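Here's the structure we're looking at; comments come further down.
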Amino acid sequence: MTNTDKILVLGGCRSGKSSHALNLAEGMGGRRIFVATCVPRDDEMKDRVDRHRRERDATWDTLEVPVDLAGTITAHSPSTDVILVDCLTLWLSNLLMRTDDVDCIRRRIDDLAEAVRSAPRNVILVSNEVGAGIVPENRLARHYRDLAGWTNQAVAAACDRVVWTVAGIPVTIKPAFQATAP
Amino acid sequence: MTNTDKILVLGGCRSGKSSHALNLAEGMGGRRIFVATCVPRDDEMKDRVDRHRRERDATWDTLEVPVDLAGTITAHSPSTDVILVDCLTLWLSNLLMRTDDVDCIRRRIDDLAEAVRSAPRNVILVSNEVGAGIVPENRLARHYRDLAGWTNQAVAAACDRVVWTVAGIPVTIKPAFQATAP
Amino acid sequence: MTNTDKILVLGGCRSGKSSHALNLAEGMGGRRIFVATCVPRDDEMKDRVDRHRRERDATWDTLEVPVDLAGTITAHSPSTDVILVDCLTLWLSNLLMRTDDVDCIRRRIDDLAEAVRSAPRNVILVSNEVGAGIVPENRLARHYRDLAGWTNQAVAAACDRVVWTVAGIPVTIKPAFQATAP
């Protein structure tokens, strides 16, 4: 099955990436699964999850998948037309709470990218850009930032389309747009 | 009056957004008002304000408006051709010093967007992207980041044109550029 | 000698900028010099340097130049076809460890931009975007962020081409791409 879309929607906090990903998915029709990587641990997170859930209409099924994204994307029933994963940076946080073995994490990232590439359905993934601020003083935050960048690179390479969101505006950066002469 | 430009210039710190906004305004001719949201409270801020003021030529009037942007944009004399607001993230900080009522702040953001949309003159607004770094440990900073993102989205939706600045380079992201086939 | 390329590759942490800069340089053929501004001071930095070195093939000479980039770019033997500098934000950190005289630093930034502009060979420079996160609480970090922005602006103005990298995807932002009508 070659006629599937694999799309990464990437942007800063509150840049409109989740809304844009929902719009893309709802334009695709069919059976939709929303894969939430968020497992709420406090009221602030719970509020975000509830707000997102209210933004989706009844045509969505929701799964909470903190870690096994690759398995969810590949193993799911063929009658599912689109899987929307929101979001990869939280998935990475969940992984890091279970292991600090970098090789293991890198393998998980590669497995995820491969699952996206080979899935026989549309897959839309949301991720945060976290690397364009000042270098964090906290060593763990630097480590996380590196891994988030690797995740975004690996998944972007596996997708046909990458959309960078700024202030609610989706900017398609893959496939490349054409620069004009100066 | 439909033939007006509403432009948001958005970028990171020292990305050239204020200079670009000034250039845009000076290309529009006529009577210009610079609306500074900055009310300097220490020497560092005072230096920034003075530097910006020196960068403007004598054709500008300057108003210091810490909070009532919507009123300033709509109520101002029709003989004013362009209002340049610099910048929205500082305006948001000023608001947050007066209230922590999120509904009130959201209403202010909506009012601002509506004022931009309906103003019978050119309006150029400068804002900071603050959401593309690591998630801040500080809860208030996370709250601020969310509100700044909402402000940028609401104002971007009200503008005909949105310019993303990087390293002094203005990149027009609204209206959309055309992606080429892969 | 006018037929040279001057390219700035700019992006967040782990956005693929170094790899892209290497690819650009390896597409240019001839004698290549890699100018590393990194002088490793701890194991974390040493690991990064070693990883980058392993990513380059044997056609590269490597110089460690913590501060005198302008001299290295202009004075080097004319038989060198391309100089790749990685990266400018670390160069700025090295400068700031030697002086806190802002005028001196601004002069160094201008000298670097002039060296890039006038060098009789291809020059590719890598730099970090550090200004798109929340305003740092630390005053020195704010100062650094300003200077990094000025460096990126000055060098971008001296380059024919500027590439913004996101998730491993190079987005050419200079020369400008053409926006389409809405």
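Think of it as A, B and C in the order they're written, each chain with its own count starting at 1.
What we mean here is this: a contact is a pair of C-beta atoms (placed from the backbone, for glycine too) under 8 Å apart; a residue touches a chain by one contact, two chains touch by 3 or more.
Predicted, not measured: the structure shown is a model, and the values here were computed from it.
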item	value
Chain-level touch network, classified as line, ring, star, complete or other	complete
Interface residue overlap between copies chain B and chain C, same or different (over half shared)	different
Whole-Å gap between the CA centroids of chain B and chain C	30
Where chain C touches two or more other chains at once, by residue number	12, 129-134, 145, 174, 176-178
Touching residues (chain side chain C, partner chain B) in the complex	8, 10, 12, 127, 129-135, 137, 139, 142, 145-146, 148-150, 152-153, 155-157, 162, 164, 173-174, 176-182
Chain C contact footprint on chain B (complex, rising order)	11-16, 44, 129-134, 136, 138, 141, 144-145, 160, 166-169, 171-172, 175-178
